[in-house]
Amino acid sequence: AEAKTVITCLTNSGHLTRQHEPLMKEFNEMQDEIEVKYAAPSKDYADTHLKMMRASATDTLPDCAFEAYNQLPALARAMAKRGQIVDLKSLIEAEGEGWKELNYTPGMINLGRVDGVQYGMPFNASVIQWYYNADLFRQAGLNPDAFPQDWDGLFDATKKIAALGDDITPMFMWMINGDDWGFQTLIEMQGGAMVSEDGSKVVFDENGHSLKAMELARRLVTEGGALTDQDSSTQFTSFTEGKMGIWGLSPAGARDMQERVGNAFDLRSTTFTVWNDADGTLPTGGNAAIITTQDEEKVAAAWEYIKFVTGPRGQEVAARITGYLPTNRRTLDDEYLGKFYAENPYYATPIKQYDRAGPWYGYPGTQNQKIWSEQRSVIKSVMEGETSPDDGAAQLKQIAEKLSKR
Amino acid sequence: MNGDSLVRPEWSRVRLAYFLSAPASFLILLIYVLPILAVFMISFTDYSLVYDGFSFVGLDNYKQMFTDRHFLTALQNTLIYAAIFIPGAFVLPLVLAIAIQRRRRFRSILEVLYFMPVTSTLTAMTLVWRALLDSNQGAINNLLVGLGFGKVNWLGDGDVVLISIAMVSVWGVIGFNMVLFLAGLTAIPKNLYEAASIDGADHPLDRFFQVTWPLLAPTALFVSVNTLVTAFKLFDTVAVLTRGGPDRASEVYLYLAYLEGFENFNMAYACALSLVFLTVLFLVAWLQTRLGDRRRTHA
Amino acid sequence: MAGLELRNIRKSFGSTDVLKGLSLEIADGEFLSLVGESGCGKSTLLRIISGLEAPDSGEVLIAGEVVNTASPKDRNISMVFQDYALYPHMSVAQNIAMPLIMARLPLHARLPLVNLVSPRARSIKPVIASEVEAVARQLRIEHLLNRRPAELSGGQRQRVALGRALVRHPKLFLMDEPLSNLDAKLRVEVRKEITELHQSTGYTFVYVTHDQTEAMTMSHRVALLQKGELLQLATPSTLYADPNSVSVARFIGSPEINILPVSVGAEDLRVGTVVHPGLAFNLSSCVQIGLRPEAARLVGSQDVSTDFKLAYNRHLSEDLGHEVLLHGTLAGVQDTPFRLRVSQAIGQRAVLDTQEELFVGFDCSDLLYFDAQGERLRDARFSMAMREAAQ
Amino acid sequence: MSDIALSQPQPGFLGFLVSLKPRSLADAIGTCLLFLGAWLVLFPFVWMLSASLKPANEVYDSEFSFWPETFMGGVNYYGVLFEQPYLTFLANSFIVCIGILIVQLITAVPVAYALAKLKFKGKSILFGFVVASLTIPINVTSIPIYLGLVEFGLLDTYFSLMFPFFVSVFAIFLFRQFFRDYPDSIIDAARVDGFSEIEIILRLILPAAVPALAAFSVFSVVAHWNDLYWPLIVVQSQNKMTAALSMLQYQSDFDNDYGRTFASATVVTLPMVIIFLFARRLFIRSITMTGVKG
Amino acid sequence: MAGLELRNIRKSFGSTDVLKGLSLEIADGEFLSLVGESGCGKSTLLRIISGLEAPDSGEVLIAGEVVNTASPKDRNISMVFQDYALYPHMSVAQNIAMPLIMARLPLHARLPLVNLVSPRARSIKPVIASEVEAVARQLRIEHLLNRRPAELSGGQRQRVALGRALVRHPKLFLMDEPLSNLDAKLRVEVRKEITELHQSTGYTFVYVTHDQTEAMTMSHRVALLQKGELLQLATPSTLYADPNSVSVARFIGSPEINILPVSVGAEDLRVGTVVHPGLAFNLSSCVQIGLRPEAARLVGSQDVSTDFKLAYNRHLSEDLGHEVLLHGTLAGVQDTPFRLRVSQAIGQRAVLDTQEELFVGFDCSDLLYFDAQGERLRDARFSMAMREAAQ
């Protein structure tokens, strides 16, 4: 037999064991021309990014990699300049008319686009959703089956939950605890965007979006009772220990959450409260597969593999294990996960938000991380009431503009 | 006089010394000096992993520091942390080492117990510490409440977080320094304690100040220099436990440099930051060593 | 009241029995020398007295009180260590001052830093300094006060160790070969200082030495240890002139006593080739005699003034300046060395220089008689009879 | 424990009890305090060990109990030990740690001796470099070193894992401090006896410095055993992964397998504890320097 | 050919000048003792000879070759250190075997592990072991071979140090007070071993000691150092009987020589209350005389057989067993101590015990004459004249 084409992929360590290893196994068994291997995994998204950057600069790249959406632009731009990343356009076209549309919604496949070029195929995707403790809802005299559909209703609920006791925290929402996924949520759910179409201008303040976002951020504290002085893992434990009403975060943790809660209380999930139901989107977390080899044979092999993992079967496996939103629309068919979702409403929330999946913007330039870390301070201070929402919004813009020039 | 005879025996010992120092010196050159030189060069450029080319920008990177308020925050955080960490990491192990060394019975078990943290893996331990330091339901706060104190927001309160990190670091270093002190203590001749007890220096404090401390000086100097350096080199714990949070309250100097270099890819600026820091740290450590060496005069 | 009493002290290191049930009583104010061959347990005994080592069994009493459980400090003793045990990080002055500082300053004033501000410490320091200087002057090390031990010669170190003991005024002085590294002249001087200190203060001294002159001249009594047991405890001159056993006789005196095999008949005594007749001899167990090297003398070939006269076969002579030591054998006892101390003063030297053939003469009255076990035969009648017979 | 022992008195037991009698109250209090401290220090380990036996929903229970309600230890440890090539990781870690240690000792001991006991020009400069290097964290030099390794095509090799640690300035400094105390007169005696300088180091200095050597060896092995920073940079293929890296396998941003993480941490830590137990005796093996007077 | 030559050796530690241009020649096979007061530079000199210390200036020649640049190892010497310097972690046997192992095994066979498999090492080991045992037997430490230095008594340690030097057969032995911690008996024995070793091998010895007996009995010549300078280098008896200066006379001999102030008239010599007349006196610079303690003797009040007779005021008597040392003053020279060695042998003792008032007598011929600088007045005519006049 001919020698197999061996390709090596890079992903994060946790993802490797949970998702990629079963996929790799299944793929390798399925055919015998290609052998997929994984490189020693990186620690997390930041580490993947760093590794890729370093490898790019020294030309020691793997053949394919899974890069977080928010870091993809920076990486793709740097690598494109060096001719190290494959534009997938021709490969997609070679699959034939309609293949793309059959498998991916436009919003979804756009997650892999940078500056109009399709560098990545979406592998994992997640938009924020609510988890809630139905038992606490009941105790607070709320109907757990009718989760509030707007923010006012939500804050009514949190106030009632807050009244349950000193050790009960009403809610948590991913805001200042990590990356700017939460902040972008507040902008995008109003129908706003972070940067202009061509990716060159900061626009999150248009139509007063950022001001409103800041006002809401403040309300999260004053009315929602969200805490700014505890990190997410502390609050996560509160939630899983039954001491918190509502938890707003990625579906990626759905399984983890359920494992941690066990049978302690009635754990449910529901769609996120979006301000502008018509245009509102939600930033999508997760990662895209990119091809980083120049060897044609390997490019072809990598493409085969990517097609598999972002295909209906691949996404079935990944989504079932983690709770991520399947990036392949065919996965929603009964043949794959349709039934599962019907039977497990807790896991089905992501697909209810399928069409909300919007981009997770990156700013122009290379200082995304820095912009966020500066903005985070501002947002925190707004939430704590030290800075007015007006000032806060102004500062956010100022920071973004100043640093995205570099 | 006979000039030759003065020079040559010296020379043979000198040659020997050079021979003995050569391998290590070569490696130091390769592993520390050359890379630092490279870092030094980079600090005058705008080099970054993102772009292939670079150009010289003179002192821009150094000038930038003065306008970077995070530079000052990080510096301040580092100093506060060091002020908490160094005494703890020095005094506790010293007390422990002395207390443990004197005992015949439980010595070995105590030694093992206190050394355990050194063997631990930071990443795993961080998860544990997060759980223990959890401000709502962590074991430590439960204990405090049980003892009638209030809860402390260990990792969420910007005023407390450095203390928490110092606590975790001290926990990790106690066994380390204790073992060093133990090694130093065993090297103190027993007959000096005997002479001291005859002379009336029988009180533990006398034994300590008259015999132990002066004779432990070489070890103590080493431990103190190393502890100082460790304090200022704090990085790992912050990187995994708080990531500089909350709101930069635990962003220490090296972590800032790391962020600039490896998250923001401002490699050159990070190099400049590192160099300024290293220069100061080296001067302090060197001064400390020299003073310690001078004070220590017994042969 | 006894200044120091040891009751049945035993000590072993692992399988080595070092002290085997030693008992000893030392009067208050007495100066006792401890002698014995190297490794016999002298230092160990001092360490037990001082409390640095605990005996395996037995009791130590100081001034009538059992101090077995007392710490060295509470026993109020000074000690000179055989290996000096100087504080390497302190100057000579600090080394010597240590015991005074410990005794006179309260704990808080001894702590570093505090001692700089404590008025007590500041007022006492000059006093201590002057006492240290006085001791240093006594020991001729006043010019070394600022040096560290590492910068001293062997003898200088030893004097510092001595100074550290002398500066204090404890009940009991323990000294372990404190002068071994000093030259003869200095040794005589320091010996005198110690003796004077002892006489003026009346403290109790236990003094380990291997120098017989020291033992003989300084002490009231000398305890001779052998293999962890007390062989004899007596005044120096008793030990020299009237030893209990061959071992004692051999150990005390340098050059060593001559021990000669003899055969004892009904009324005569045979040494080598010579038989001394006509003795009223009633102890037949005597098999060896002892004779100090100075108790015999060179005699002319015609001289008949001594009880015994034997031809002497000289192997080696050592000239010590003031005397000459001869090593050789007597006629008829070739296997046993016979040492002779020839004084310079009285013309003996001349004999030595001029004569080829030497004769040695000695008298019965100078002999010590021992049985086969080495026990002294001290029977009064016996020696009286001898003496009378000899006259 | 104690009541078991009480119910079956053994010959030496009375003696043991008597020997337990505290010599003084202060001593007993001291011992209690020490053990209390030890318990505090140890608690994170107990917690970790306990967590490694638990299912995820019990790990963070606010009421800590060592033994889990649902025992998951079997599953967790099986997963860590047998569902991944743990032995390979373990072997890699050993190769790297031992390799580093050997080179570190070989390079550090001679130079430390020279710095401690020999006079030569440039000594204080060299020592200056040592102290300076002590202050340099790997974060700062990692990129230049990485570039160098890439240049020589050495990435993803054992060599690249070990190289930056081949010289330990920590060890040089530590050993220098210990060697300085070795009596010069013994070294002099050795010179007269015909020792070469190397043999003085091997036969005299090293045996005396065993406590320091052992301490350093444990530090070095532990540090590199647990190191993540550098392996994350240079390890590319999974078969070069170290045991510590393997521990990350069960963690990701929103999805942690706590049981396995802690089982893994326990399994990774265990060899170090064992090594320490063996090396510990060496720490206290001191040689009384009674060969000299003064 | 000189076994060892030192040319103008200088050495200082910081501001302390320890050796001030010392020159010395030692014949091949000679046994030279180095004496001098504590701190005079003896150990430093040995260290310079051995190559452990480099002289600030000057040359060291061994067997005619300048060895200034040679390492200690290449000088082929054995050395006993004053502070023992035993290898603390090695057993006694290993300590003693070390020089042999170093000398006989090639480097590779000495390496740890290698030495286990090297056939050379394995064949040599038993040889070395037996030699070590032989030396240990000589020094009476054969039962200690497996102990560590820490488990030995002071004297035992010293013997190990000695054994380590003796086991080898180098050109040059350097010994720094090798017997100071041994008891008298053992010391005599070891002294003999060393002397025999010296005689049988003919190696060159430089032997530092503060024990006059050792210096006098063992050495061909004795070098007396003072403050880093060579005072006199001569045979032991010359040094004793014919010293160059008061310093030498004072240093050699124990108890110390009596130095008395005198006044010299045209034809007479006055000591204390007594004037000895009728001397053909031609050196007026004499201001002090020296008299060995044994050169004077106790005389009866009626005795007129000596040139001088003075009343003696006894302060203290020390009984050494074989002799009694008297300390006191002579009539008319109250400020100057006068020591007297009273032999036991010849009835002097009896005088001491019976008489209340003591008289001391001595002859002009036993006096040493010194000028104001302490230089010896050795003029032959002078002493001859004295002698004749006295007869």
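Order of writing sets the chain letters: A, B, C, D and E. Residues in each chain are counted from 1.
Following the convention adopted for this analysis, a residue touches a chain if its C-beta (ideal position, glycine included) is under 8 Å from a C-beta of that chain, and two chains touch if they have at least 3 such contacts.
Not measured: the values here are computed from a predicted model.
Considering the contact criterion stated above, the chains in touch with chain C and with chain D alike are B, E.
Chain centres here are C-alpha means, and the one lying farthest from chain C is A. With centres computed as the average of Cα coordinates, no chain lies farther from chain E than A. Separating the CA-averaged centres of chain A and chain E is a span of 94 Å. Here the CA centre of chain C is 21 Å from the CA centre of chain E.
Taking the mean of the C-alpha atoms as each chain's centre, chain D and chain E sit 56 Å apart. Residue positions 51, 71, 82-83 of chain E are each in touch with at least two other chains. Taken residue by residue, chain A touches two or more other chains at 54, 237, 241, whereas all remaining positions touch fewer.
Chain D has residues 59-60, 62, 143, 147, 228, 248, 251, 256, 288-290, 292-294 in contact with two or more other chains. Within the complex, the chain E residues that touch chain C are 13, 35-39, 42-44, 82-83, 151-156, 158-159, 176-177, 180-188, 210-213, 216-217, 236-237, 240-241, 250-256, 292-295, 297, 318-323, 325, 341, 343-346.
Every residue of chain A that touches chain D in the complex is listed here, in rising order: 8, 12-18, 37-45, 47, 51, 54, 58-60, 62, 237, 240-241, 249-250, 252-253, 255-256, 259-264, 322. Against chain A, the residues of chain B that register as touching in their complex are 48-52, 130-131, 134-137, 153, 155-157, 242, 244-248, 259, 262-266.
Every residue of chain C that touches chain B in the complex is listed here, in rising order: 47, 50-52, 71-74, 77-79, 81, 83, 85-90, 98-99, 102-103, 107, 110-112, 148-150, 164, 168. Residues 10, 13-14, 16-18, 20-21, 23-25, 27-28, 31-36, 38-39, 96, 99-100, 103, 105-108, 110-125, 127-129, 131-132, 134, 136-137, 139, 142, 171, 174-176, 179-180, 182-184, 186-187, 189-191, 218-219, 221-222, 225-226, 229, 232-233, 235-236, 254, 257-258, 261, 267, 271, 274, 278, 281-282, 285-286, 289, 299 of chain B touch chain D in their complex.
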